[in-house]
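Across the two complexes that follow, chain A remains constant while its partner is chain B and subsequently chain C.
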Partner chain A sequence: MSRAPSSRRVLLIALGALLIALVLGMEQLAPLFRALFPDQDPAMYERESFLNLTLAHLALVLVSSLISVSVGVAAGLFVTRPAGREFEPLVSTLAAIGQTFPPAAVLAIVVPVAGFGFVPTLVALVLYGLLPVVQNTVAGLGTVPSQTLEAARGNGMNAWQILWRIELPLAMRIIIAGVRVSVIINIGTATIGSTVGAKTLGTPIIAGLVGNNLPYVIQGAILVGLLAIVTDLAFERLEQRFSFGEGGNAS
Partner chain B sequence: MSVSHIPTRDAASARLVANRVLATLLCAGLLAAWLLPFATMSPNRLASGQTVGLSEALSAWQVFAFLALSAILAVAALRRPLPRELAHGVVLLASLGLLLITLYSLGDYAQRTLVEESPSARVSQGSAFWVMVFCCALAAIDAFQRAASGWLLRLGYMLIAGGSVAMLFASGHFDDLSIMREYANIRDNFADQFITHLVLVGSALGPALLIGVPLGLLAHRRVRLQGTLFSVLNFFQTIPSIALFALLVAPLSALGNAFPLLGEWGVKGIGAAPAIIALVMYALLPVVRNTYAGLKGVPPATVEAARGMGMTTRQVLWRVEIPLALPVMLSGLRIVTVQAIGLTVVAALIGAGGLGAFIFQGLGQYAIDLVLLGAIPTIVLAVIADFTLQMLVVLSKPAGTRR
Partner chain C sequence: MIELQGLTKRYGETRVVDDISLTVEQGEFCVLIGPSGCGKSTTLKMINRLIAHSEGKILVGGEDITTLPPERLRRRIGYAIQSIGLFPHWRVADNIATVPKLLKWPSSRIAERVDELLALFQLDDEGLHDKYPHQLSGGQAQRVGVARALAADPDVLLMDEPFGAVDPLTRDTLQAELARVHRQTGKTIVFVTHDMDEALRLASRVALLNAGQLVQYDRPAELLVAPANDFVRDFIGRADLGLKLLSRRRVEEYCRPAQRTRNNAIASAPITWQVDANDRPMALLGGRLGESETARTVVNPEWTATPDMSMKEALSRMVWFRVTALPVLDGEGRLLGEVTMAGVMGHRP
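This part shows the complex of A and B:
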């Protein structure tokens, strides 16, 4: 997919600026919400500042993603080394089947084990976020041509050097694509996490749906939607930075 | 990590254990059986229970069967005496046996306990139970991959395994388990919500295919449209499900209020309308992308040959391009179906119903059994849909290329 990169960059900057403006200045829009929904008494979610909600949401996604990426890449590396190659088919199948599990169901199943609040959401996000990372690490390392590895070996590189200087750089774009999927899913699942008591941008949405207050719903939904889109656009740029030569459509 | 050392065939054959995956799974399962609670027993629905280990829960013959099957699996993991091909078959049978024994023992324990204790006692499955079920399933999956078996064998095995478990449920063997008693309380409602779930998924897939396939065709024919089309659809896909559902609530309720006739048709802020629209928006990207990719994968020489034979553009499309693109298009349908089953859970939050209703209701009351009654059927539904469509993908490939 060859798009004009400059227009995507403008879009990223514009939407990013809009996101920051809304996070910091949603309160300024109170008159607008009052005019649109004259019947709603509190037309602005005020139990918690949107900045705090956004930061809590980001913290949840960031911590879970850091864990999933480190464990996921390590697992992907293990099953592509000679010592762990035997586990590769099972791990790949597990990652594929696991992704058919609905994220909301995974979240619900973690609750009996981990209780309510931040922890079960984190556990669900880590478990779910692992799968695309593992899958793409295995796929990415698999795209490295065997001739390239042969040549590196012929040049006298040892296994570590081949991994760091050849395999990981060549596989990086696909690994980052996996991290992108993982982070985007986690932003969405973290939103649902507010139903099990985690403080996220989903909190005003759920409060609005339960209390039949549309302005709350819209305020939360716009912020979390923008957050996901901006993150996705940022990852798109990151991926492009790691594409060598041909654009490549493999996902 | 001995990265530089690549074991040669001779070195590998000197190892005692031939199947390290199976050995690992077996150790994990046995450790869980030994250390974790197999079941929990509580005096009533709300009180917290006491844990029961495997050795207390199983009767003598069950312990014997459990140990015997574990021993068979351990032998199958070794290099000798079983030949590899036979070992895979043994693993498939023994892991199914172990799975059934685990399930049977839990139901049996619940029955015995309820006779001894008060009838209000509740027996639930413990963590060791889940780990053991999980390990059995993984051992079977791994054996299939090692045996490189065909799709027919996999289908048969799935049917036998699914059928045996379904029969255990149908016979009422699990009726004394806490989760099944919860189910008995909500039986009628469960059937309704289950059907609502399926109807929501079905009514989203129809429009998604009707809109998505022509769009994919368009993207294939008009290359300039691709960039914009895929970016817009990717936007939809990126927005978290709950936010998209929620954002549709406001405009739809405004529409329903402004035009009462539309409101009568079901166009309102909450309920099925926003859910179906959001599900269609999510489904479009995979449908369009796979239709496009499928058509793009048709060799130009084939299309050329068809034209040379005097086929019209329409004939080329229906008789050559679509049949050849069908496997990739069906893979798109598979992604979309599985995704829609999962997203419909979230739709319960905007009052659309479905199995998600039990999940969120259960979370609200801290009734774990109710949560599981929503979550487990959703997962099973998604896995079955995935497996079935995978089979369809295989069958849609030209004979001879099926695997």
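This part shows the complex of A and C:
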């Protein structure tokens, strides 16, 4: 945050380009890996293209995040309305339990029910990503000053208009921060889905760990890491859009 | 315009507003005042149904307010609170346009109205249109708040301690501006404050509340000269009643013809003004405390008065500069007349 916004933008573009280049052209680095790991054969993961793995990984994160965010924001909204206020402790507790469960344990429970692959991983990720979204939605809506709400009512806005025009925009920065945490966690956590057969960037990592093949681990990990960093930087820019003249980088 | 009939608000057993009946006529500036917890704010918020009343009736423009959906009612009544009530994520122009947008005015009409209001509040020449509330000074933010309340041209304006959070100097300017806007627009205003000086300065009628009950509803001058009981007297402040009364009076009411001369010669009157060829006062002959009757004092712009100045201020200047008379000047600095210490004492309101 200490760096100027423009340098963050350059960083985002540079790392984004590096990510795309590696996803599309990891195979070109085969000579490098062979030179670094002369004893490994093969030194390049080739059972599946990295493009396919990345797309599958992204699909998993995207779907799980969409569910976490819709359920989480809806729950956060519900418990901040007059009708749902008494459910706040319950919802917060449930969301917290969702996150204390280790994803591996969730997988162990869900696999016998839902089988291997995409679905159990999705369930684990949704549960895991829920808490930051719920928490930040409640916190974000809580930061809207009561005088602002009174002014909105006094000027003739109805409950929907107050929600859409006042509360959500003012809470958006904090809600997005929650989504950011949730998505970043899920990008990393999705890799363990490969232990139950989901196709992700964790697949080469697991294969490498099982087969004692360090280059595989590096190839998968470097892409997951880059993906997380680039996503994080992108969210940072998105948050700034809701700073409304503060921080000097208004849209 | 606004009629409260037996208005009561109960929270459980306690009656925070207890059987208040009063009428605010069209164009009136009604100030609700009283100690903290007297129910003034609650009374105000019941008028636009931010708080539901328990008993009694409120008529606005002859209509019972409960016959309208609350949102419709509120869009017809301007509402201004302390500056923090501005929407922090909306630019100044969007804040002002709040109610016109809710009423779905065409955008050209909204833009026109916003410019009109920015001009009315002298906010038009500082590029404020596109600023966010946190980029404004306290006084500017407060003006935007009042402009927003006036945006859809409501007949009635409710203001809940709107100047409570600004410094005294800014408050003074804002009060003068609100008085001007009230004169220009002829709106009916209900204004809540706990500051008696603010009430006396702005109000055409003051409703003094205590413990949920209406103690006295009167013109400010009546409140000062004929307080209903000891509570009123205490609340106004016994010690400076006279000064409060003078704060309600303007110099023009006390102004009387001045004795002029074009040279240094002392005329027959004890106080004489030496004027130049353009009738501008240059010096005061006599009328200086502790000096001889013939003493000549050069006129200092700091101890002159204008017709719309309050008598309290005029008196204060006399005391501070140790003169017993002030020249009253018109816009060009010409001598209109004089106000004197003896005149302050002799004038019967």
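What we mean here is this: the second predicted complex is superposed on the first by the 238 of 251 C-alpha atoms of A that agree within 3 Å, B and C clash if a C-alpha of one lies under 4 Å from a C-alpha of the other, contacts with A are read in each partner's own complex, and residues count from 1 in each chain.
Convention: a contact is a pair of C-beta atoms (placed from the backbone, for glycine too) under 8 Å apart; a residue touches a chain by one contact, two chains touch by 3 or more.
In this text, all values refer to a predicted model and were calculated from it rather than measured experimentally.
Visitor: Once the two structures are overlaid on chain A, check if chain B and chain C clash or fit side by side.
Guide: Superposition result for chain B and chain C: fit.
Visitor: Can A:T148 be said to touch chain B (first), chain C (second), both, or neither?
Guide: A:T148 contacts chain C only, not chain B.
Visitor: Once chain A of both complexes is superposed, is A:N158 in touch with chain B (first), chain C (second), both, or neither?
Guide: both
Visitor: If you stack the two complexes on chain A, which partner ends up touching A:L170: first (chain B), second (chain C), both, or neither?
Guide: So A:L170 only meets chain C here.
Visitor: Using the touch definition from the top, say if A:A228 reaches chain B (first), chain C (second), both or neither.
Guide: first
Visitor: For A:T93, using the defined touch cut-off, is the partner it touches chain B, chain C, both, or neither? Pick first, second, both or neither.
Guide: first
Visitor: If you stack the two complexes on chain A, which partner ends up touching A:V217: first (chain B), second (chain C), both, or neither?
Guide: Touch status of A:V217: first partner only.
Visitor: Just to confirm the value: shortest Cα separation between chain B and chain C in the superposed three-chain model, in whole Å.
Guide: It comes out at 9 Å between the closest C-alpha atoms.
Visitor: Once the complexes are superposed, what residues of chain A are shared between the chain B interface and the chain C interface?
Guide: Chain A residues touching both partners: 158.
Visitor: Residues of chain B touching chain A in their complex?
Guide: 1-7, 19-21, 24, 127, 138, 141-142, 145-146, 226-227, 230-231, 234-235, 238-244, 246-247, 249-250, 253, 269, 338, 341-343, 345-346, 349-350, 356, 359-360, 362-363, 368, 371-372, 374-376, 378-379, 382-383, 385-386
Visitor: Can you check the complex and tell me which residues of chain A touch chain C?
Guide: 145, 147-148, 150-158, 161, 166, 169-170, 242, 244-246, 250
Visitor: Can you check the complex and tell me which residues of chain A touch chain B?
Guide: Residues in contact with chain B: 1-3, 81-83, 86-87, 89-90, 93-94, 97, 100-105, 108-109, 111-113, 158-160, 163, 184, 187-189, 191-192, 195-196, 202, 205-206, 208-209, 214, 217-218, 220-222, 224-225, 228-229, 232.
Visitor: Chain A touches which residues of chain C in the complex?
Guide: Checking each residue of chain C against chain A gives 48, 50, 71-75, 79, 81-82, 84-89, 98-99, 102, 131-132, 134-135, 148-149, 158.
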